[in-house]
Amino acid sequence: MHMINEKCGIAAVYGHKEAANLVYLCLYALQHRGQESAGIASWDGKEIHMVKRMGLVADIFNKETLRKLPGFAAIGHNRYSTTGESTLKNAQPLFVNFKYGELAIAHNGNLVNAQNIRNRLESEGAIFQSTMDTEVIVHLISRAPYDNFKDSLNHALRQIKGAFSLVMLRKDELIAVRDPWGIRPLVLGMLKDSYVIASETCALDLIDATYVRDIKPGEVLSISSKGLESWYPFEEVKQHHCIFEYIYFARPDSVVFGKEVYGIRFNFGRMLARESSCDADTVIPVPDSGIVAALGYAKESGLPFELGLIRNHYVGRTFIEPKDSVRHFGVRVKLNPVKEVLAGKKVVVIDDSIVRGTTSMKIVKMIRSAGAREVHMKISSPPITHSCFYGIDTPTRRELIASSHSVEEICKYITADSLQYLSIEGMLEAAGYSVEDHPFCLACFTGNYPIKA
Amino acid sequence: MHMINEKCGIAAVYGHKEAANLVYLCLYALQHRGQESAGIASWDGKEIHMVKRMGLVADIFNKETLRKLPGFAAIGHNRYSTTGESTLKNAQPLFVNFKYGELAIAHNGNLVNAQNIRNRLESEGAIFQSTMDTEVIVHLISRAPYDNFKDSLNHALRQIKGAFSLVMLRKDELIAVRDPWGIRPLVLGMLKDSYVIASETCALDLIDATYVRDIKPGEVLSISSKGLESWYPFEEVKQHHCIFEYIYFARPDSVVFGKEVYGIRFNFGRMLARESSCDADTVIPVPDSGIVAALGYAKESGLPFELGLIRNHYVGRTFIEPKDSVRHFGVRVKLNPVKEVLAGKKVVVIDDSIVRGTTSMKIVKMIRSAGAREVHMKISSPPITHSCFYGIDTPTRRELIASSHSVEEICKYITADSLQYLSIEGMLEAAGYSVEDHPFCLACFTGNYPIKA
Amino acid sequence: MHMINEKCGIAAVYGHKEAANLVYLCLYALQHRGQESAGIASWDGKEIHMVKRMGLVADIFNKETLRKLPGFAAIGHNRYSTTGESTLKNAQPLFVNFKYGELAIAHNGNLVNAQNIRNRLESEGAIFQSTMDTEVIVHLISRAPYDNFKDSLNHALRQIKGAFSLVMLRKDELIAVRDPWGIRPLVLGMLKDSYVIASETCALDLIDATYVRDIKPGEVLSISSKGLESWYPFEEVKQHHCIFEYIYFARPDSVVFGKEVYGIRFNFGRMLARESSCDADTVIPVPDSGIVAALGYAKESGLPFELGLIRNHYVGRTFIEPKDSVRHFGVRVKLNPVKEVLAGKKVVVIDDSIVRGTTSMKIVKMIRSAGAREVHMKISSPPITHSCFYGIDTPTRRELIASSHSVEEICKYITADSLQYLSIEGMLEAAGYSVEDHPFCLACFTGNYPIKA
Amino acid sequence: MHMINEKCGIAAVYGHKEAANLVYLCLYALQHRGQESAGIASWDGKEIHMVKRMGLVADIFNKETLRKLPGFAAIGHNRYSTTGESTLKNAQPLFVNFKYGELAIAHNGNLVNAQNIRNRLESEGAIFQSTMDTEVIVHLISRAPYDNFKDSLNHALRQIKGAFSLVMLRKDELIAVRDPWGIRPLVLGMLKDSYVIASETCALDLIDATYVRDIKPGEVLSISSKGLESWYPFEEVKQHHCIFEYIYFARPDSVVFGKEVYGIRFNFGRMLARESSCDADTVIPVPDSGIVAALGYAKESGLPFELGLIRNHYVGRTFIEPKDSVRHFGVRVKLNPVKEVLAGKKVVVIDDSIVRGTTSMKIVKMIRSAGAREVHMKISSPPITHSCFYGIDTPTRRELIASSHSVEEICKYITADSLQYLSIEGMLEAAGYSVEDHPFCLACFTGNYPIKA
């Protein structure tokens, strides 16, 4: 089972004469969802224009590039990738010419049956320009046994399984799709008479668009000069939102799956404090991702919240180390400890998760080297024991330290004085649900994958 | 009196075979001191090499550019500028050929008598390649009535007035200078047998260098194969450290003027709470600069510290707005309010300073639009009533809102429910000093300029 | 009938550890065949690597880009285009993933039935990433009713009609194909044990490879670790080499269709002199394309050959003219007359062809303005009356001045004192053939298209 | 005695609202005089703007860069350099701020006493930003004991010795200067009411400007709103035009030193034929520089002129050769022999000069490898036995093969069957002068340097 992680941000605008400019602003707000490449495709009533490049939105788009994207409808994409396939070839939107004319598509998520479909399509003569899951969707549309786009699209969507929040641009039409499990978020907003689609509400906020509602799990929403039309081509399935959006991925100022991320993330911290209080002098976050949970932890525990690690936000993609350097700069270049806060203290450190454990180890050592007496690591989510196949950047199981080590062993590995994780029950309760009745996919904690290839 | 703001970061390394690479790492850590341009000059025993460009350290330097900077000694500079003179011509280090051979120089601060000296030098036939203050220093060295570098340097240094922390690179010698008032910081560190000079200790931390001591006000430190030599060519004057390093400019994890920035900034917040407590539900910072003071305020006031504004760290230099945009995106693209935190609350907002007032107004309105019931702005420094001529980015007096408006008027302008500043007395006390006996320049709050042109 | 002009250069190397570097050198030598974009794909035994960009070979490829192209086999392409589709999307080689794994293909020529096939393929669900003819070939291979590459390739090749000299790179195999009409040239050479394929022999010369033979019309040549294998999947057809290779397109130092271009082009000039001698003082070429024919003309006519027009070889792609410029710089920036040669003279001007007539008119006026008494234009090929559908850059018929104007009318339009073209008979005789028995396509002069869509 | 070769092209325009655009066009036409870097400075009535970069005019200037160069006056420069100092630091125009405000200067030629003056100026405290001769001129102006620009300029000009054609731009004034020896060319033209200055008339031709006259040796020409003013600040000296402008450097379509280059270069070839006729079948040039002389040789000798070597004009700056390449590509990448022309023939090859001899050797071998029976090398100038100190790119004497080898020895070294040079007498006669009475500098042939440092 292959896994190309597609932790991405998508956005779309319909009905605004500066559609591409608004999409660019949305991608700006969604930059945290992917920094590898970005692209925008626009429809000017006659043809699709596209700009996509490696790098950040702020570096790719300027007056000149936006001028190349005329039209009243546009879609955009920020791509994140941890695989070796970090090439422009895999940047999105994907553009094709086919029987239904020109089509651009942007995809957040990844499919579990993409490789199977791809093998079948290839055996039938299909030709691929990239290694992206997304490309199979277009092939399925093109080969569907119908002669109109809508039926073909439905036919294609019914065949794919996995996580997919999609926006598509074609002749006079913008289409948004969300998989029936509702794994990745996708919201609809309005800016005066224009429609806006985005991965998170923080994108709507930036352009002053009003949040209207989530695109529903299983919904296909078409926006065209005829107005909005929705349909649900999928069989009904139980919802499985990705809880990692709350733990780490979404921006805290966004509303995701109908709830404010900040509040839930804060509650994770509170619950963590209730589950794993300890004798300590101060609570510090691993910035920036641990800050909100650490605030919750501090509130609940009564311990003071402090900034014991300072983050350098100017860090670029690569970093040239001296050849004879005795140590690896990886973490140090991003984080620096504050002796004033840490020296002589018993420190609780809040992070959102532990993947391989190496970063946590470096952080613990860094804090201790700044004079901390004790370092207690608290994680605002349960141990990740299984890989994600729906688009979160988790490595293969073997690399996940919690897949083969007990919490005690991990604690020893990261050289902390103690280590606690938030329990699955606590996490669900903090999010406002019970173990018995919740809308989340917990596969990375339990191995119970809701969608089978 | 002209004012080119030179709020910059400088670094230097002597005695390491990868000197330029270490300087690059230091500039990385000092990126917050200037994002307009960066440059490194290295000395390979025969000649000086130099690379300088517009942009961020991470974008300018890579394996290829660092390969062009061989040698065991190097100096570097991050430039910040708010003036129109944002050109490569004014990037540093400045390089010249003159009677003492090749020289590269990097300068943090600015001089109050540069224009006077420049006028005199021009009338005597001197030729300038830039509009930087720094260039007059080299001319003064070159025209000094001595036939050796050291005497000429001393002669030159005695003529310049203002803020200057300098590093210079010439034939086999690295020289660091700090003005006798000690306005800008400059520290000495060691990495095994190599010497490191930097604006702040966070640069030493990144490369694992040990902090040795501050370059003293009025000290000239020469580092060469003969070892270290220090001398003090200036008349003795009272020290006047720039207190804005504590308020805003230095990174909180740095040690500046012998004290940890974090602790003092935290105390500013505590003192602010003592001076201006109010009935409120929550304390939020304007991130990132207000965070540490807000933590101090929360601690002292007992109010909960929360993140009511989320900062987007991916913001680039320019930002393309839709042409028919009704509002200016300036602040919104950087900050977004969190409704969960703010809705229905009486909010205390902590910021480090108010300059023109426009940004504060936008922040207040943003917080209110997220549902806050009351917005109480608290500033962790006194009102800025006078321009700085020593290198802080303050605009001309007329533009400083506090130069012509009372606190009450400013409060009204920024549409806050209340506005309080930290008092001068409180600020000094929080920093561990009294009004009668302190080592700071307070000119921007009082108009008492310690150095006259 | 669509017409995307694909006047290009292709090259390939098999069995050399620096295959991409040799292909790069070949493209260098073939730069005259296309300056819009260039690309190289290499096979390293495991996968295909590719670099393609807009611009000249010398600007695209350097040590760094060549390092990204490891392997012992490589193909490359220089693209020329006069259509609006000048985008990277249409640069070659074209790369795909499909049932036979990875494939890269480079194509010189263009197909007459590409659009028909494309329409059919699209209706069957095929998806296209470009608007290049070349892409249909790969689709035909992929959809052929066979389960092996060779049969599928043959099946595909039999369906396409038009001009195609192809090189393809796949798993351990380099394949060269030439259409059965032999329209575009393609030669095989050897460099020690390595094989080299190129559009012209000048590419072999540069890398010191020995010319072995032409790839034969209708031949498919496979080069792999098993050695060379040739087969001929096409029905036999009469050969129709493009005579414009001799007239203008090939470099004079190349051997094309088994004969040296220089000699034939020189003979065109001699024959032109025989057919259209006139009373004149001097013969000048329109440089560079008219030089060799002008030498032949001078030789036969006994008139002195001189350089009356000097060409500026530094001309770039675009050229910024003053806004209020009274005249268009188009021709002037490339050519400047030499008064010394022209003043007071009766001048014979030799050019290879006239397309729209506007350039010829500017040249005649330029020569006259330099003082020439008479300007006699002589064209070393017959009037172009019909568009080419096989890959020569001729515009639509309506734009071809000779399609609707007599020689006399053209003469008047270009303001020459006289105008003569080489006759078809003379051209064929000069090339060593008769009107009755020759191997050329003359469609652009006669309208007799040898290949029907 | 140092020697930085400054074989450059300069241009200037005064009184045209698109001055920079016209200068850009002039630099285009003068690209053959220098391909290393180019720059333009413009004066908009308030300040000087400047763009300069490494590379070709066509690559550096586009709409965007020209938009940065507003104003009605501009100067420009193409730089050629064979020294190691190929950096942007040495690109021109040179810009300074000094007592007379802003000044930009562009310089063709080089000074023989620059280093002496520089040493003196440095000892007096002058500071240099480059290693260009040009910079000392500005220092001399700045330090002249006058308080007005004109007297200071005259004072400076009287101190410098060597070759200098200069254009300067300052407050409302364009100044052109030519050294009293008249070594390098400089012409004045008019385009309606605007004035144009350029190194060669081909620049005037491109923009349709009329040639008015040469800037006279020793003339200073000021163009301002007050009109034209000329003066002659130098002591009278004998003229010494660089004869290499006729031999190789100027474009054949230019008028230089009052005569058409084409005619003189053609006469060099005729005279060479008279002095060194030989039994041969054909005459071929080394393109492009040998073409005109070869035409003259062919005319006089009665031998046919043919193109035996084809030049690839797409050659870039660098060229990546395979690592295990047995031979150096240096010459081959530029030139390829035509077997049809050469096989079995006795070939006369015309080149303009021989410097080190290595290129000539490669050319002879290349021609022989194409089947030539005999190769007779004829050089259209006398043997270069001495270095040039006035701006021609000749290497140090030791590297000049003719400084230490007889013609017979050189012939053997380059493996030719025979070798003849044009005699000094023949060269002068061909140019229309006698040995006794001519206006040329012949130092590179005779060692009689007209200007002493």
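We call the chains A, B, C and D, going by the order they appear; numbering starts again at 1 in every chain.
Convention: a residue touches a chain if its C-beta (ideal position, glycine included) is under 8 Å from a C-beta of that chain, and two chains touch if they have at least 3 such contacts.
These numbers were taken from a predicted model, which means no experiment stands behind them.
The chains that touch both chain C and chain D are none; no such chain exists. Chain centre most remote from that of chain D: A (centre = mean of CA atoms). One simple way to say how far apart two chains are is to compare their mean CA positions; for chain A and chain B this gives 36 Å.
Chain A and chain D have Cα centroids separated by 61 Å.
Taking the mean of the C-alpha atoms as each chain's centre, chain B and chain D sit 49 Å apart.
For chain A, residues touching at least two other chains: there are none. A ring topology is adopted by the chain contact network, closed into one cycle in which each chain touches exactly two others.
A complete list of chain pairs in contact reads A-B, A-C, B-D, C-D.
In the complex of the two chains, the chain A residues touching chain B come out as 16-18, 21-22, 24-25, 28-29, 31-32, 35, 56-59, 61-63, 66, 202, 205-206, 208, 251-253, 260, 262-263, 266, 288, 291-292, 295, 298-299, 304-307, 310, 312-324, 326-327, 329, 332-333, 336-341. Interface residues of chain C facing chain A in the complex, by the touch rule stated above, are 95-99, 122-131, 138-139, 142-144.
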